[in-house]
Structures are given as C-alpha cells and as structure tokens.
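Quick one: structure below, then a few questions.
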C-alpha cells in the first residue's frame, strides 16, 4: 500500500474527524482562546449609543424572551449588555413575556456571578418574572408596571422594592432592550412602547430573524441591534468580558478550520493518487 | 420547438372532453366579465388575480396536453438520470443480496407538503414494482400516519403483481416510525445501518433529516438516490447522493413512474409554465425599459366593486 | 369498483375545487364569511382525520414491537419491551391528564401539563430530539470531506464557493483577508438567491401539475392496491 | 434519595451521549436510546392526537352541537382509518385519506401560484442598465441564472439539436442558458451547504451547554459505557468471522 493510500484511509475513517470535531467545539468553550474578532459598525454603534447617552442612575427595562435552546445565541448578548449597564451605573428591571423567561433568567444569573457581584436585588435590579398576555401585556406594562403585576418573580410585593418606587411606566425608562428569539416580540414593543411613548428600543436577535426586524432599525424605531452569536462576541469584546460569545466564535472558527483542512487534505491525496496512478485510477 | 396544439381527427371521447373544457373556460370568462360589469367583489382582495389566472391556465393547458396524449400524440422526454438509476440500484442490491430502502418523509399529509408525499408515493410504487420484478427485499419506512395503509398496499401490489407473494411480509417491508421528525430520523438511520441496505432511495419533502439519511446510507456504502422539492435540503442531496432529483424533478419522476403516457404528458404543462415565466420576465424587463411596470399588473388585486 | 375507487377520487376532486373556490373568490361580505367558515370546517376535518391516523399509527408501532417481542429473539426483544413500555406509559399519563381536565378542572391540568408526562417529555423526548438534530454537525463534517472533491470544473466551483462562505462566517476569515465577509454576504444575497429562484418556480409548477393529475383522477398511487 | 429532577438530568445527558455514539458505530446503548425515544415519541403523538381531538371535535360538539354537528362526519371518516386492518373492507380507509390529501393539495395549490410563481417573477423583473455598475452586474446575474435554471428544467419542450453545418440560434441560446443555469445552481448549493455548517456547530454548542456540561459525570460515564459497547461489538464481530 502506498503512502498516499494509507493517508487516505486514515483521513476517511469517520472516527478521527468526529473526535477532532468534538474537541474543536468543546475545548474553546471550556477555555476561550480569544481569537481576534473584527467589530462591525452595527455593533459598535450600539455600544457608542449606550456609552454616550446613558448617565449614572438611569433606568433600563430588559425583556428576556427566549427558550433554553436559544441560550447559546442570546445569553452572551444579555450578559454583555447587563455588564455595560451596571458599569455605567444604571438600574435594570427585567421582565419576560414568555413562560421560559424565569428559567433562562436564573441560568443567566448563575452564569454571571461576576457581573451581579456587589449589586443588590431590589435596589439595583428587579426581575418581574413571567407576565402572561402577549401584546396586551406589553401595552399594559408600558402604561403602568405596578398596575399590571403585583409581585415580582420571587413573590416580593413590588411596593417593597426601592427600585420600583423610581419607575413605573414606559416614560420612566431611558432605554428598553428586547432580547428575543421570536419576531413578534419586537413588533409588540415597537407598537406598544415606541409608537406611543418614544422610549428608545434596542434589539438583540437571532441571526435567522435579523433580516425580518431590520426595517425597524432602518426606520429609526430602534437605536440598533446585536445580531446572533457573532454580534454578542463583538459586544463581549467591547465591554471587556470574555464570555460564551467569544468562546462560541472560537469554537466556530476552529471547527470550520478543521473541516477546511480535511477538505484540502482530501483533495491533495486524491490528486496525488490520481497523478501517481496515471490514468489507471477512477474515471 | 416541438409544441403542437393540433388535435385533428379527434376521437369522440376527446371531443367530449374538449367540449367540457371549453364549457368550463367559457363559464369562467363569463363569470369574470359579468362580475366586472356588475361590479361584484368577485375575487379575494388579498390575492392578486394573476395567481388565479396562472393556476387556471396551467390546469387547462395541462389537461389539453393530456387529451393530446390520449389521442396518441408522442413527444421526446429529456432523460432524468436519477430516475433511470432507480432500476440500477434495485438490481445491484439484489446482486449483493442486500435489501432496498425507500422512505417518503414524516408529517401529516393534510399540509401543503401533500404533493411531495404523493410524488414520493409514486416513486415508492415504482420501486415496489421493481422489487417484485427482481425479487428484491424492500424496506419502506415512513412517518406519515395517513399513508401507512397506502404504502402497505403498494408494496404488496409490487410483489403480488410480479408473482412473488411469498416475499411480502408487512412487518418487515413497511415500518412506520411516528410522525415526530427526529424519532423517525433516529429509527430510519438505525434501520439503514442495521439492515445493511444496498440501495437507499429517499424521495419526498425532507427537512434537516435529509443529511442524516445520506450519511447513514454512506456508512453501509449504499447506492443513493434522493430527491426533494424543499429548497433548503436540495444541496445536501445533490452534493452527497449518487443521483438526485432536483426540485420539480420529483413530480416528473412520479409521472414517469406511472408508466402512463397520458400522465407523462401532463408534465408538458410544467414546461409550458416555465416558458410562460421566461416570457413574462423578458417582457417585464423590456417594458421596464419603456417605463412600464409589469409587476404592478401582476400584483393587481380585484378592485372592481 | 365505484365505492372502492371512483367515490374516493370524486371526493378528492370535490374537496380540492371547494377549497380553491373558498380561497380565491369573495363575491360579497356575507358569502366571504361563509366561505371562510366552511374552509375552517374542512381544515378541522383534516385535523380530526389525521388525529385518528396518528392513533392508528401508534397502534401499528405497538403491533410491530409486539411481533418483534415474539419473533425477534434476544437481540431485539428487550429493546422492543422498552418501546412498548415507553409508549404505553406516555399514553396512560396523557390520557390521565385529559381525564383530569374533565374530572377536576380546578387543578388546571391537561395532557401536556400532567407532571409525569412532562417529566418524560423534558428528560427523554427533548434531549433525544435535540441530540438527533445536533448529530448533523458530525454528518455535515464528514459529508463535506467526501463531497468537496475536485473531480471536474463544476466541483471546483462548488469547493471555492463553499470555502469562501465558511471563511466569511468565522472570525478567522477576516484575519486572512477582510474581504471574505462582504464576499460571503454577496454570494448569499445574489447568486444564492438566483440559484434557488428557478427551483422555487419549478417546484410550484410541479405542484400545480400534480394537482391537475389529482383533479382528473390520474394520480392513483395514494390509493394503494390496484384492483 | 435523589430527586426525579436530578435523575432526569442524568438520563437526558446519557441519552444525548448515546445518540451521538451512533456516528462512531451502532451499539446497544444507541439501540436503547432509539427505542426509548421512538416509544416516547409514539406515545407523545397519540396524546397530542387525543388532545387535538378533544379541542377540535369533542368540545365544540358538546358545547354547540347545532353548529358543529358536521364534525361527526369527520369522526366517522377518522374511525374508518382503522379499516386498514380488515382484509375485506380495507378500502374504506381511503375516504379519510382522500379528504386529507385533497385538503393538503388544495392548500398547496392556493399558495404556490402566488408565492412560487408571481412573486418570483416580479422579483426577477429588474433593470439591466443602471447607473451603478455593481447593481447592473447583480441584476444581470439574477436574471440570467433564473432564466438559465428554468431552461435547465425543461423536460419535453426544447429546441432539437441541429444537424452538423446548420447553426440554430434557439438551440445555441438554449445551451448557453442551460449551462449558466447549472453552474449558477451549483454556486447556490455550495453556498447553502457551507452556510449550514455554522448553524449546526451553534446547535452543538447549545446542546453541550444545556445537557452535557451541567451533568459532566453522567455524560462521561455514558460515553465510557458506549465506548465499551462499541469495542465489544467490534471484537464480537471479528470473532464471529
């Protein structure tokens, strides 16, 4: 057996490629390498807007609308934004129009103890929990949060929380962030928060639904958007916290590289064998 | 060009059919004209009228082609190599003593994917007949609950009509694996590998599972023929299968499989549709140069009344 | 013959024509309202019929594994037991949830919120489903290795496009040449859109012509046996 | 005593690992996971069927029989599906299947003229001469590849190959468009294939985070078991030969 056909045999054994692929995806998540990422102007615009327009003591409302399956793409953006808000001295009210909100929020809390360190629940941030009712709930929240929900996710009456004394309706917030895996949620907030109250909106969306909400950004109904894992990775870089976004981009880069290397090697071996066998090979 | 609309010396049956068709056309035109004159809100205001016109035209012209074929008019048909490969695949499997695997997808048939399931059933019927002819062991897997009975009968028919009823064993030949996408996919990939299939024929509406079936077939070195009209999965079939039906070819394959000249003639309707499309695009571009917008006419909804 | 073949095909043509009329025609507000109500009724019929078909399918799976239990031997029988028990358990808890929704509506429990049913769904169905979906990452890698072999000019084109898109999708590509990302975006918006447009049009035409064959009783494979 | 949640999380992690193990080789743990999955999925779809029967048919029939009486017909058609087990009356099942196929076909016939044809035609009617050279190039590509692809799919109506020495313009145009079409489609296939790799890797990351990482020990144990089963399978397969 010639050297080339031995190489071919090793390469086409599926087991090798599969094992390398598993390592290429999981290893960067366990310890992010931080391969350089170019930052797109779209993501930088969002970062600059928050840096320039939010003052210490400002208030932000964050809609947490995704399922566990979309965690990989949206949680990094949520964490990076939270870090930036806390660094700017802002206070955050989280709410969720989807029933999986409380689960993904608790996972986010557990995954980012460094961000929430030194922040006090009730004073610096509040989580309202799941609010049922879809678009009508969004409209009602914009009018009055305390008129819509009586207790937060953990059963504390809202009147007892200091932060909730400072804010109640859409006009009390300097920015509203919608982190969502569905298209409708963005429509709700544009219709019920932006159109009547002109509260600035910021979107964080899955890359597959980004094209369908692009028009809102184009029409200046939202100040910008962070798209998918890549946008999240760029944002993590901007706020200076190496998280899942950067790790995922590392995993993507290395696994793609691995596949490209295999394709190239496969072709080199194929052509090598074809040239050496001089027409005696496959048609 | 080899289109001819002449139906000289039409037989009495053909004349009756043409008359019926003419009555339908006249009726439709009358309804539309009278509706316009009386200012009736005839058409759904959400749907452009052009889509109805295109649908009606294609149905009528397609039927004309079928009548032509009934009268014995013949025409050349381009080879679809994936279709010819089916027989080769079945024959090869028999030589190697390995079974043939066919699957048509999962889901409920009362969705807009119905035509693709029907095309898959047509190919399955063809494979079943070939399995009877060559004495191949056939394993048909599916995830379409409504089609279980049909598939059982098609396989049975394939063996019985070839005089090999002993080969028919419903629990072996036909396997339904739930209508849940990945439960179906997990069972199909296991079937392909465990039964060591020699030919893997995958035709129907497929979603993410397309590549799972192709790779499972590759593990056993099966001869693979695949086709779907779902755009996002076509690349996986074209790139990994030995032969692939691209898009509408699965519907043509169903027609070829029927072995019926009249059914085959209907696919000329598809061709005419493509020629109409090309003509409309070229015309639209020319009109655009003259400052007229054909798109607006095509998007026109019934605003009379 | 009539009740076996002609009547079913007649029903098919009738339902298709009715549903097309319901959709395309309007006439006036009252007629349109009737149309949409009738249309809804027909879709509900389809839901009801496919629900029964699903139950028949479930029975078929049960029967299949009962047969395997008897004939499959030690290599298959234990696994068939797993399927049988799993299916039965799921149905029992589902039916229990349904019964509760009638017997004790105050609990607010239905099929999908019955606790044991939910447990099975969350810890067996959901992980298996996700695992089968993500198994594609392995398959797409090995398929790429095999498929992107430059055997002819067309394959070379395929390979070049694929590598540009892969490099454009990762941060790595931008390091090699910043043009990969815009080039990838251009490929995805222009040639990719153009390539799938004729396929979309053709598939639509194919659907219409298949519909024609259904309408004129020339598409019979769905009825199974030829009598 | 461990809780059901913990047990479930371990089981979930093990199932993920065992399903992945199939890509290396079929083994008993995959077979177990597959059979469990199919059983649960079968029970799940029966339960969902019961649920939709309850919602769509039983509830309206019990609350408002005067309006929803016709659901009885659908229920009878549905019950006829069981006739497939009869040797004599198997054909009765066709009535239900027929209604469903007709509904599906009609749904497809309604939307395709608009979505697949009219909308695609209007999107392809583009100006071929614009002040911007990039737009001009893009438009040319979009139009030529679309027309080329359509030409590629012609089955029965196409210009005949001319005899030697007799050039035929329609045939020439046909061949050029055909070639553009097939190459254009190949570009699309390569692009879509490669673009999918990213979403698949992203999904593996999500699964890893959701099921495997929180239950690392369960995953590692399951992986070891699967590895032993695979090696045992190979060894047994060899010894039998």
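Read from first to last, the chains carry the letters A, B, C and D; within each, the first residue is number 1.
Simple rule for what comes next: contacts are C-beta pairs under 8 Å (C-beta built on N, C-alpha and C of every residue); 3 or more make two chains touch, one makes a residue touch a chain.
Bear in mind that the values here come from a model prediction, so they are computed numbers and not experimental data.
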item	value
Distance-maximising chain from chain C - centres being C-alpha averages	A
Mean-CA-position distance for chain D and chain B (Å)	16
Chain A and chain C: spacing of chain centres that average the CA atoms, whole Å	29
CA centroid of chain C to CA centroid of chain D, Å	6
In chain B, residues with contacts to at least two other chains	47, 52, 55, 108-110, 115, 118, 146-150, 152-153, 177-180, 182-183, 186, 234, 236, 239, 246-248, 252, 267, 270, 273-274, 277
Residue list for chain A, restricted to those that touch at least two other chains	14, 18, 25, 69, 252, 255-256, 259
Chain D, residues touching no fewer than two other chains	19, 22-23, 31, 33, 37-38, 40-42, 44-45, 81, 84, 90, 96-97, 100-101, 103-105, 107-109, 113, 117, 120-121, 124, 146-147, 150, 153, 185, 188-190, 192-193, 197-198, 201, 203-204, 206, 210
Chain contact topology (line, ring, star, complete or other)	other
All chain pairs that touch each other	A-C, A-D, B-C, B-D, C-D
Complex contact set, residues of chain B against chain D	1-3, 47-48, 50-52, 54-55, 75-78, 80, 108-115, 117-118, 146-150, 152-153, 177-180, 182-184, 186-187, 189-190, 193-194, 232, 234-236, 238-239, 246-249, 252, 267-268, 270-275, 277-278, 280-282, 284-285, 288-289, 294-295, 298-299
Residues of chain A defined as touching chain C within the complex	11-12, 14, 17-18, 21, 25, 35-38, 69, 230, 233, 249, 252-253, 255-260, 262-263, 266-267, 270-271
Complex interface listing, chain C residues touching chain A	130, 137-138, 141-142, 144-146, 148-150, 159, 162-163, 166-167, 169-172, 174-175, 178, 181
Residue ranges of chain B in contact with chain C within the complex	40-45, 47, 52, 55, 58-59, 62-63, 66, 108-110, 115, 118-119, 121-122, 124-125, 145-154, 156-157, 161, 171, 175-183, 185-186, 208, 211-212, 214-215, 218, 229, 231, 234, 236, 239-240, 246-248, 250-252, 254-255, 258, 260, 262-263, 266-267, 269-270, 273-274, 277, 302
Parts of chain D lying in touch with chain C, wherever the complex brings them together	4, 7-9, 11-13, 15-16, 19-20, 22-23, 31-33, 35-54, 56-57, 70-71, 73-75, 77-79, 81-82, 84, 90-91, 94-110, 112-113, 115-117, 120-121, 123-124, 138, 141-142, 144-150, 152-153, 181-198, 200-201, 203-204, 206-207, 210-211
